[in-house]
Every structure is written in C-alpha cells, then in structure tokens.
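Multiple structures are listed underneath, in structure tokens.
Both complexes shown next keep chain A, but they swap its partner, so chain B is in the first and chain C is in the second.
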Partner chain A sequence: MPTLTIDGKKITVADGTTVLQACEKLKIDVPRYCYHPGLSIAGNCRICMVEIEKAPKPAISCQTLSTEGMVVRTDTEQVKQVRSHILEFLLVNHPLDCPVCDQAGECYLQDYYMKFGLYDPKFNENKVKKQKKAFPIGPTIMLDQERCILCSRCVRFTDEITKSHEFGIVNRGDHSEVVVSKEFVNPYSGNVADICPVGALTDRDFRFKCRVWYLENSPSVCPGCSRGCSIEIHHNDRKSHRVEPKRVMRLKPRFNEEINKWWICDEGRYNYKFIDDNRILLVKGAEDWPSAVKTLASKLKNLAALSPQSAAFLLSPQQSNEELFLAEQIFAQLFDRSRLFLVRPNALGYQDAFLIKADKNPNTAGARALGFSYAENIVDLLSGEAEKGKLKALYIFGQDIVSLFGDDARKLLKQLEFVVYQGSNRNETAPLCSMTLPAAVYAEQEGTFTNCDGILQRFTPAFAPLPEAREGIQILHDLAVKLGIKCPGPKAREIFARMAEKAHAFKGMNFDRLGRMAQEKAALC
Partner chain B sequence: MAESILSKFIENENALSIDRYLANGGYEAARKVVISMTPDRIVQEVKQSDLRGLGGAGFGTGMKWGFIPKNSGKPVYLAVNADEGEPGTFKDRYIMERVPHLMLEGMIICCYAVGCHRAYIYVRGEYDKSIERLEKAIFEAREKGFLGTQIFGKPFDLDIVIHRGAGAYICGEETALLESLEGKKGFPRLKPPFPAVSGLWGCPTVINNVETLSYLPSIILKGGAWFAALGSAKNGGLRLFGVSGHVKKPGLYELPLGTPLRSIIYDSAGGIRNGNRLKAVVPGGLSAAVLTADEIDIPMDFDSLKVKGSMLGSAGVMVMDETVCMVRALYITMRFFAHESCGQCSPCREGTGWMEKVVGRVLAGKGRTEDLKSIAETAKYLTGTTICALADGAAMPLGSYVEKFYSEFEHHVRHGACDLKPELVT
Partner chain C sequence: MPVTTKVVKQPNMSFMVRIYFPAIFQGLALTGWHFFRNLTLHILHKFDLFKDVPAAVTYQYPEEKRPLAPRLRSRHRLTKRSNGSPRCVACMMCETVCPAHCIYIVADEHPDPNIEKRPKRFDIDLGICVYCGFCVEACPEDAIRMDTQILDIAAYSREGMYLTMDDLLNPENHGAIVLRDPKRPQPASQ
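Up next is the complex of A and B:
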C-alpha cells in the first residue's frame, strides 16, 4: 500500500496501482489515448506523461507503478509542454475533417487539444495519405485509416477480450495502418467503435444519424438477455417523435464491474429499434384508457364470479419485478394463483462464455424469485380448458403467441370470449385480441430486473412513454383501483417497498440503494 | 599499436576455421571457465574488466549479467545481437565473417556464467556471408564437442541457433529483437520488466553484442584487470572503430577506448582525402550527434562523448570533409530514421516523417526561417518521449546538425541553395 504525493496531494493506493490510476483517484485529469482500463498497457501514445521526482525524464503514468514516497507532478510547465508537443505529433498526419467526422464532439483529439494543446501548429507539409478514406470492414464498423492514431486499442480488444485477433497494425513509421485480417464479423464488434478514441472506427449503424451533442444520455439496463448489462441509452429529445419518429440513436455500454465491465454485445447494442418502431400506439377494444380499464375491470369481476379458473394470465420474463409482483397481487386475489403462467416470449438463442446468454429475457431470475416457473405446453393446456368451456378469457403480457405456437394459438384465441393483449409492439397476436393495451417499453419506465447471477438492477425512464402508451405498473394499478383491490403503486418505489416486505427474495431491500451503479444481490430461491 | 586483441585474429582470419583457431589457442578460455571457474568468478572478472556493451549503449557487461535472477525456475537465454544496422558500423560483420569462432567462444563463456543452455544469434538478414560462416563454425564447434551436451566433459549443455533478421533497423533494439525472435512484429517492449528478468518468451535473457562477446576469451585468459588497464577510466579495453567517409584509409581500427578522435582520423585513418578540410564527424553511428572539426580533440570513450552531448555508440566514425552539404547529410539521415521508425510511439512515428519532409523542403530551397526553429523544437520533444532510443537517435543528429551548422541551413533558407562552392560538390 504505497503512499505517494501527486501535485502536492497525498494518497495511499493498493499495490500495483499505476500513477495514472492514482491520479484518477485524486480526480486529476491525465490525458490518454492508448490506455484503457480494460486492456493491457501499450504505452505507445505517450501523452500521459508526468514528472516524477528523481527520474531523469518524464515518464508515462499509465505504466509507471506507484511506489512509496514517490512525488509526482502533472501540472509543471515541462509536463504541459510535453503533452502539447505529443498532441502536435499525433495531429500532424491527422486529417482536419472534423466538420464531416462523426466522432466530432466525442473525440479525444478535439477534447485534449482544447484542454492540453492550444498550440500554434508548426506543420506545413503534406499529410500522409492512406489508400482509401473510409470503408466498411464488416457489417457494423467503418474504418478510416487516416484518422487513426494507432493507439492499438482495437488490436488489443480483439486479442485480449474477444481473442478473435481480427485487427493488426502493418507497415512501419508514419505509413503504419490498422488493418483487419478478414471481414470483421464478431458478436462484440461494436465495442471497437466505443474504445476508438478518434474517428477511425465508427459505428455504421450510428454514423451521421445525429451529432453527439444533441444526445441525451440515460443509464439503463439492457433487456436483450438475462445478463442484464449496464447500458446508456443515447437519445435525441429535441426532435419531436411525430416529426422524425426516432428517439433512441444508439446504446452504449456503461461500466459495471460486476456484470459487463466496459463491454456489451452487438445483439444488445443494436436491439433498440423496437423502442421507436412498430409500436402499439392506440387502445383497441375500447374508446379510450378510462373506458378500457372500466371494461376490463368489469369483465374480470364477472369472470371471477363465474369461476376462479375462468381466466388465465400469461406473464413474461420481460416484465419488471414490480410489474410481476403487482400482477400477482391483483390477479391472485380474483382468481386462483395457479392461473398465472410464466411464458417465455422467445426461443433460447446463441450464447457464449463471455456476456451473451441463451435466455433472451432480462428478468427470468426475478420471475423465478417471485415464485413463477415456466409453463410447459401452455397453448395445449389452455386449448384443452377452452374446449371444455372452463377457460373463457386470457390476459397476455407481451408474448406473441401466434408466432410462437402458430395455428394452435390462433385456434385458441378464436375459442375464447375475451382476450386482452398488453404490450408495446405490434405483432401477429395483437390484432387477434379483443382488447389491446399499449404498454411502455423498458426505456420508458422504472423498475428492477434481476439478472442471471441474481444481481438486482434498477432502471429509470430515459423519456416518457409515447402518447397513448402507459407503464405496465400504471396499467395494473389503475385496474386494481377499478377492481377495488388494495395494492401499492403506481410508482415502482412503492411497489418495491411492498415487495421487500412480502416477497422472500426481496426481503429487506431498499429501492433507493439500487442506484445507478449499486445493485443488491437477490437471494435466489 | 600497443595491443591487438580482435584484430590479430581478424587480419589473419585466425579464428575462421576451428583448426586454425585451436592452433592459436582457441577455446582455451572456454575450457578454463567450464572446467575451473564458477559463474560468480566469471561475472566478477568481467565486471573488473570494465567491458561495456559495444553494440552502442555501453552498459557494463558484468553488471548486466549480474541482473539475471538466480534460481528463477525458468530457463535463461542468451540472444546475441548481430543485427548490425547502425549506418556507419561494420565491425560485427568482420568478426562474424572472419573470426566466427572467437564470438562462439565468447558465447560459451557468457552462457556458462549466466546458466544459459540455449543461445540465439540474431543476424542481420543481409549478412549472407556472416550467416554462412557462423553456420559452419557452429557445426565445427559441435563436432569438437564445444557445443552440445557435456561440454568439456562437464555437466554443461549449450546449443546455438541462428535466427536471420528480415531487414528492420529497429530489430537491433534489444527488446524489438526479442519480439522478432518470438516471431512477432519488431516493436520495442515497454520497460520494466527488463530482459534480464523477463526477456525471450518471458524468461531471463542476456542480450550481448557480437564484439562484446568476442572480447571475453582474452579477458578470461589474461584477466579483467589487464583488460581494464588497456582503456580509459570505467571504459575497459579496446574496441573496433569503423572509420568511413572522406579519409584516406577508411577501415576498422582496434584502439583503446579513450583514444582521441583526432588521432583516429589523422593517425590511423591517414587524414582527410585530397588534402580537403575536415568539416564534421559523426563519432558513433548515425544516431550520434555530429561533431565539428573543432571538437575532435576528445577521448573516444562512452563517458567523454556523453558529456559533449554526443555518444560513442557503435563507434562507427563517419568523417565528412568540406564537400558535404550538411542539409543534404541531415536529409539523408532523417530519411533513414523516418523509414526505420517502427511506428509504435506517436512522437517518433509522426515526428521522424515530419522532419524528413521539413529538412527535405529546406534542401529543396523552399524552407523558411521558422522551419529551423521547428526542427530544433521537435528534436527536443523527440528526445526521451518514446519507448526505445530510436527517436533519441533521430533527435541527436536533427538537433546537432542545425545547431552546429546553423549558417549553412540559414543559407539554404535565404538563398534556396547550398553555399558550397560548386567545384567542391562531388
């Protein structure tokens, strides 16, 4: 545990901490290009130089280990001069095409020039030209070698993290180039655009869609699989949804030491179009929301009076813990608890040993913790009941059962008196239902998901639901009020508090402690 | 000439074939160390000799060996740096071509001292003859039992592998050499860890130059103190000075360290050709700062030249007479470094290419006064800002040429042409 002094401030750090990391702890901004906390140390950009007392020359802070009694200065004239000259070296062959560069606004060269550069350029020569300007190297990434500063982050990412070794640097001197050995097809390809500090590797999906300074940034949790990676939703709120019907521009990974570190998979990264596209926007089967809730409440009441077996509820592992808990609170009072079925809305998919899980739902573990388990052959079971006249109504939470079960599902839907579809996106099932309730997507609501390792994460709305859509918990709460059933809500915080009292797996947990980064480990039953 | 250690072998090729070498006392030193000396004793002797790394860095050889951790549980390797690429340097080539056994014997001594059983010789790819003769020498030594298992009947095994370089100057940098040996791109490594702790394949590794190793047999036979006394303080023994350029007798001269540069140029190499005036000398390979004709009264050892802001380096003395345009000389120098920069660190990658263009523009008569300032400034920030010393090696000539021959550069800027008398330009 060495204690060192940086710019006059003393700090004690763990063994093996580099000077750069110690500076970060003191909130001292040290510029860096090649350094990335998730990758090995390359030490090639040379901009993180600091002065170390008794050392003959400035040293790179990313590689230098903190030692006892070390005296570091990051604010001397020499350090400033070295940084600005290294920045000048980096920029001599870098094209000044910021106005047409999609990295502008989140480019380390721009940022550090403003913060550590501001020199009068001396370069008066022709810049080195590379063969091609920008070209796709795979389905997701564009490469512009002229903008590349050869920090080798992408090379190290594919060597060390994905171990797929697509990237390499060829040639020498200022003719060095980053190249790919084959088409860059990789389930984690998007990360190289994230870690590229300049505009050399850009995301083909995002390129030229929106200038980054128009983006708002909301922390969230990826709903793409049971891993539940921490993400940021980058959305543009300045354009009206009615004019240009796109709010979400891209998803980015958000550092989470316990789950995804700095990375996310492409499956999750590009899984955002459903937030804006193909949404269910209107209530169907009723004039408006109040009348829909009223109709639904009276239908359910009548059915419950008829028989506690007369309705079935298809809950989904896409729903938050709060929504599942609330559904149970309401429907298990009216009907038999056994009428609540957990139905997987999708098939098992690709998985690997890194982040991607086969279970493509964010809250399977949460549903399990609340006492649900997957129902087998649900359509067969319900069809049998419907034929016998036992089952009259079905309440579907987002599952597209028609595409999952085909004609069997179609037949079932026809047999039933009353089918409610509560979901966010249009699909084959919704049009066949008697009532459709437009629900919000995860990015529009608040709640918690429990990931495959039992880690509970809270997500908050990035923006309000589309005009007619409502949060799932809001819909359920309104329904409960109409039904005269006492239940917590409509805010997720209130529901969570009740859940922490009642549900064993959430015992003693506190919603407010589930901050942006903090999670609670749920005791999985 | 007082002593001649290597040159007496080189002149007569007395260590070219093993029989000839044995007749001249060959492998006696190797036999002595393996049979009767402890590794510690050898290291002590070499430390006492003040033998310094003759590849150019001048690091104490005995001290370097002393850094090899004992009982690390990993094999120890010796990598011989025979990637002689420094312009102006041609000493290792003559050792390998003419007296390969001398170096092999030095390798046996070194390997025995550091506990190495597998040594690599990384030879510059263009050195066909060196490779051919080394291969033959290794074969001969193996036949005689000087290499292989149970050397001199003792439980000491050693085998030597030749690795041919592929033409990159940077692979003469010791850690780039290791990367290249491992089959990777020749990028110098970040230090620490130093090769003595984690070198070839992560194992303790000694990297020594051909000439350094070749002096070992005589040090073993005649003693470290004897060798140390031949040179100047802390700069033990002799070394081969490769004199090239505008002298009457260019060639290799084996002289004590500390011999005045003037004496090397005028006594050994016969003075300047055609009765011309001396203009400039690069004392230690292209990476060394240039000296003017007024600065040649300097002892040629590592420490004296360092004080002067230059370096002894590989002792490749390049002599330039008054017919040389210093702008052109610097341009050629910068073209070399820009071409050979590995491209890893940003200052060197971008800076060497940039400076090649600036000096080229000055040479072409399109320079501006600001350019000279920017050259000096760039030289300053190329120094000490990179992983390896290539950028320092580019900065030394860059800064020193412009500083010491400023008027010549200024003339180019002002008049767009050289101030040399046309009749002098060859």
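Up next is the complex of A and C:
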C-alpha cells in the first residue's frame, strides 16, 4: 500500500496501482489516448506524461507503478509543454476533417487540443495522404486511416476482449497504419467505434445521422437479452419536432462493473429502431382511453362472474417486474391464478460465453422470481379450451402470437369473443384483436428488470411516451381503479414497495437504492 | 441638492431672418426649380431623351433599386464548387449556431470519398430567420453567404417563406419578390 504525493496531495493506493489511476482517484485530469481501463496497458501515445521527482525526465503515468514516497507533479510548465508537443506530433498527419467527422464533439483530439494544446503549429510539410479515405471494413464500422493516431486500442480490444484478432498495425514509422485482416464481422464490433478516441473508427449506423452535441443522454437497461446490459440512450430532442419524428439516434454502453463493464453487443446496440418505428399510435376498439378502460373493466367483470376460468392472460418477460406484479395482483383476484401464463415472445437465439444470452428477454428471471414459468404450447391449450367453450377472452401483453404460432393462433383469435392486445408496436396479431391498447416502450417508462444473474436494475424514462401511448403500469392501474380493486400505483416506486413486502424474492428491497448503477440481487427461485 | 441652472442665450437673429419673407421666397424658388426640372425631365424621358439624368430623387422601386452596402446582410445563398455542386459539407455549424433554429439540414454521403459529406436537404425558414449572420460567420467552408442583396421577400403563406437547397443555390431564379405556390412540397413538420 504505497503512499504517494500528487500535486501536493497525499494518497494511499493499493499495490500495483499506476500513477495515472492514482491521479484519477484524486480527480486530477491526466490526458490519455491509448490507456483504457478495460484493456492492457500499451503506453504508446505518450500524452499522459507527468513529472516524477528524482526521475531524469518526464515519464508516462499510465505504465509507471506507484511506489512509496513518490512525488508526482502534473501541473508544471514542463509537463504542459511536453503534452502540447506530443499533441503536435500526434496531429502532424491528422486531416482537418472535423466538419465532416462524426467524432467531432466527442473527440479527444479536439478536447485535449483545447485543453492542453493551443500551440502554434510549426509543420510546413504536406500531410501524408492515404490512398483510400474513409471506407467500410464491415457491416457496422467505417475506417479512416488518416485520422488514426495509432493508439492500438482497437487492436487490443480484438486481441483481448473478443479474441478474434481482426485488427493490426502494420509497417513502421510514418508508414504505420491500422488494418483489418478480413471483413470485420463480429458480434461486438460496435465497441471499437466507442473506444477509438478519435474519428478513425466510426459507426456506420450512426454515420451522418446527427451531430453528437444535439444528443441528450439517458441511462437505461438494454432489453435485448437476459443479460440486461447497462446502456445509455442517446436521443435528439432538439430536432425531433421538425424531422421525421425519430428520437433515438443510437445506444451506447454504460459502465457497469457487475454486468457488462464497458461493452455491449451489436444486437443490443442496434436494437432501438422499434422505439420510433412502426408504433401503435391509437386506441382501437374504443373511442378513447377512458372508454377503453371502462369497456375492458365491464367485460372482465362479466366474464369473472361467468367463470373464473373464462379468460386467459399472456404475460411477457419483456414486461418489468412492476408490471408483472401488478397484473398478478389484479387478475388473480378476478380469475384463477393459473389463468396467468408467461409466454415467450420470441425464439431462443444466439449466445456466447461473454455477454450475449440465448434468452432474448430482459426479465425472464424477474418473472420466475414472481412465480411464473414459461407455458409451453399455449395456443394448443387455449384452442382446446376455446373449442369447448370454456375460454371466452384473451389479454395479450405484446406477444405476436400470429407470427409465433401461425394459423393456429389465427384460428384461436377468431374463436374468441374478446381479445385485448396491449403492446407498443404494430404486428400481425394486433389487427386481429377486438381491442388494441398502445403501450409505452421501455425507454418511455420506469421500472426494474432482473437479469440472468438475478441482478435488479432500475430504468427511468428517457422521454415521454408517444401522445396516445401509456405506461404498462398506468394502464393496469387505471383498470384496477375501474374494477374497484385496491392496488398500489400508478408509480413504479409505489408498486415496488408493495412488491418488496409481498413477493418473497424482492423482500426488503428498496427502490431508491436501485440508482444508476444500482443493483440488488434477487433470490432466484 | 443644489439646483444648477444654465443660462441659454437666445440666438441673435438678424433683421432679414426676423422678417422671414426672403426665406419663404427662397423655399418657393427651390420647390419650383425641382418641380419644373422634374416635369421637363419626365417629359424628355418619355421621348427617350436624357435618360441618364434621373428625374426625381426618389428611387423608382421596384424597377429601380437603391445601391446597398456590400456588407449588408441580405437573403442567404449557398455557394457552389466549380462543378456546380454545393460547397456545403453539412457540418451543421450554422444549424447549431442559429439562434432562431431556422436552418434544417439532412446530411448524406458524398460520392467523392475525399469530400465525404454533403447536404441532402438544406432548408432555411426565412419566416423565423433574424438575419443575424451567425451562420455565415460559423461556416468553415464559406458555403453560406448573405450577399444576394435581395431584401424584398414576401409570400402568401408561412410555408412560402421556406427556402430549400435549390432556392439557396440559385437565388437569381426568384425575382425580387418571392411568390410561392403554397402547394409545393413542404418540410416535414409535426
């Protein structure tokens, strides 16, 4: 446990901590390009130089280990000069591309030039031009070798994290350049655009779509698979009223030590189009929301009086814990608890040993913890009941059963008296239902998901729901009020508090402790 | 507070001024001179004579335009490359800096990889523009200028005030007064 002094401040750090990490602990800003906390240390960009007492010349802080009694200075004239000279070297061959560069606004070259550079360039020669300017190296990534500063982050990412070794740096000196050995197809390819500190590697999906300074960023949780990676939703609020109303521009990983570290997979990264496209915009089967809720409540009451088995509810692992809990609280009072089925809205998919899970739903573990398990062959079962006249109504929470089960499902929907579809996006099932309720997507509501390891994460709305859409918990709560059933809500906090009292797996949990990072482990049953 | 006073002296008027008849006749002479001069010149102009001597001091707008200072901020235009395509690279600096939020750009891939980016759409809503000229200042490519000297902009609808990339590239296509068909393709709005 060495104790060192940085800029006059003393700090004791763990063995093996580098000077740069110690500076970070003291919130001293040391510039860096090649250093990334998730990758091995390369020490090749040289911008993180600091002065160490008794050392003959400035040393790079990212690779120097802290030792007892070390005296480090990051604010001397010499350090400032060294930084600006190194920046000048890094920018010698760098094109003046900022106006057309997608990195502009979040580029470390721009940031550090304004902070540590501001030198008078002395370079009179011509910049090295590459034969090809920007070109795609795979389905997701664009490479511009002229902009590359050879920090080797991308090389280390594909060597150490994905172990697929696509990137390499070839040739020497002025001729060095970053190359890919083959087409860059990789389930984690998007991450190289995140870690590239400059605009050499950029995202093709985001290319020229929006300048980054227009983006608002809201923390959220990826609903793409049961890993539940922490993400940031980058949305454009400034332009949306004039452009085609697209709000979400891209998704980015958010650091979470326990789940995804700095990374997310491409499947999750590009899984945002459904938030703005193809949404269900209006209530169908009733004039407006109040009358829809009224009709629904009276129908359910009549059916419950008929028989506690006359309706079935298809709950989905895409729903938050709060929504599932609320649905159970309400419908299990009117009908048999066994009429609530958990139905997988999608097939099992690809998985690997890193992040991607085969189960493409964010809250399977949460649904399990609330006592649900997947119902198999649900359409066969319900068709049988409908034929016998036992089943009269169906309440679907977002599953596209027509695409999942084909003609069987179509037949079932025709047999039934009353089918409600509550979901966010248009699909084949919704038009066949007697009532459609437009629901909000995860980015528009608040709630919690339990991931595959039982870690609970809270997500908050990035923006308001589309005009007619409502949060799932809001719809259920309104329905409960109309039915005269007492239930918590309509805010996720209130429902969570009740859930923490009642549901065994959530015992003693506190909604407020589930902050940005925040996890609580649910007992998985 | 002490009151300070200042004694203002009455101007010493001469006799000629005080009787004011000479001034009246001076004025009448001046008015008469201009009246008969303009009358004669207008008649001569009718016969195509002395055309280069202007008759009245008023500008015969809209046929005749008043000379404007070259630095005056007038209607925008987009400058062109030598091949006629817009110089603009859709960097959105102007859109960002615009205090009225009246510029709207959609970027696109340029076929030439050395240029990379170009605007697919570039609209300015003159109905909102405050003519501050910030867009011209911000542009790193000298792609937008406010030097068309077009000041008279009018339209029958708000939509008519919307300039598209085509209008901005060819400001001369629209005469002094912009009269627009309100049914032309309109910007997407919510």
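Here is the rule we use: the second predicted complex is superposed on the first by the 521 of 525 C-alpha atoms of A that agree within 3 Å, B and C clash if a C-alpha of one lies under 4 Å from a C-alpha of the other, contacts with A are read in each partner's own complex, and residues count from 1 in each chain.
Please note the rule applied: contacts are C-beta pairs under 8 Å (C-beta built on N, C-alpha and C of every residue); 3 or more make two chains touch, one makes a residue touch a chain.
Model, not experiment: these values are computed from the prediction.
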| item | value |
| --- | --- |
| Fit-or-clash call for chain B and chain C when the two complexes are aligned on chain A | fit |
| Spatial angle chain C-chain A-chain B, Cα centroids [nearest 10 degrees] | 90 |
| Of chain C and chain B, partner touching more chain A residues | B |
| Chain B versus chain C as contact partner of A:D174, first or second or both or neither | first |
| Touched partner set for A:F135, first chain B, second chain C, both or neither | second |
| Contacts of A:R204 with chain B and chain C, given as first, second, both or neither | neither |
| Partner chain(s) touched by A:L90 [first = chain B, second = chain C, both, neither] | first |
| Chain B versus chain C as contact partner of A:R426, first or second or both or neither | neither |
| Overlay on chain A, chain C to chain B nearest C-alpha distance, Å | 22 |
| Of chain B, residues touching chain A in the complex | 168, 170, 185, 190, 338-347, 349-354, 357-358, 361, 368, 370-371, 374, 377-378, 381, 384-387 |
| Contacting residues of chain A [partner chain B, same complex] | 33, 41-47, 49, 56-58, 63, 81-82, 85-86, 89-90, 92-93, 122-126, 128, 149-150, 169, 171-176 |
| Touching residues (chain side chain C, partner chain A) in the complex | 89-93, 96, 101, 104, 106-109, 113-117, 140-141, 187-190 |
| Interfacial residue positions of chain A with respect to chain C in the complex | 97-100, 104, 132-135, 207-209, 211, 213-214, 238-245 |
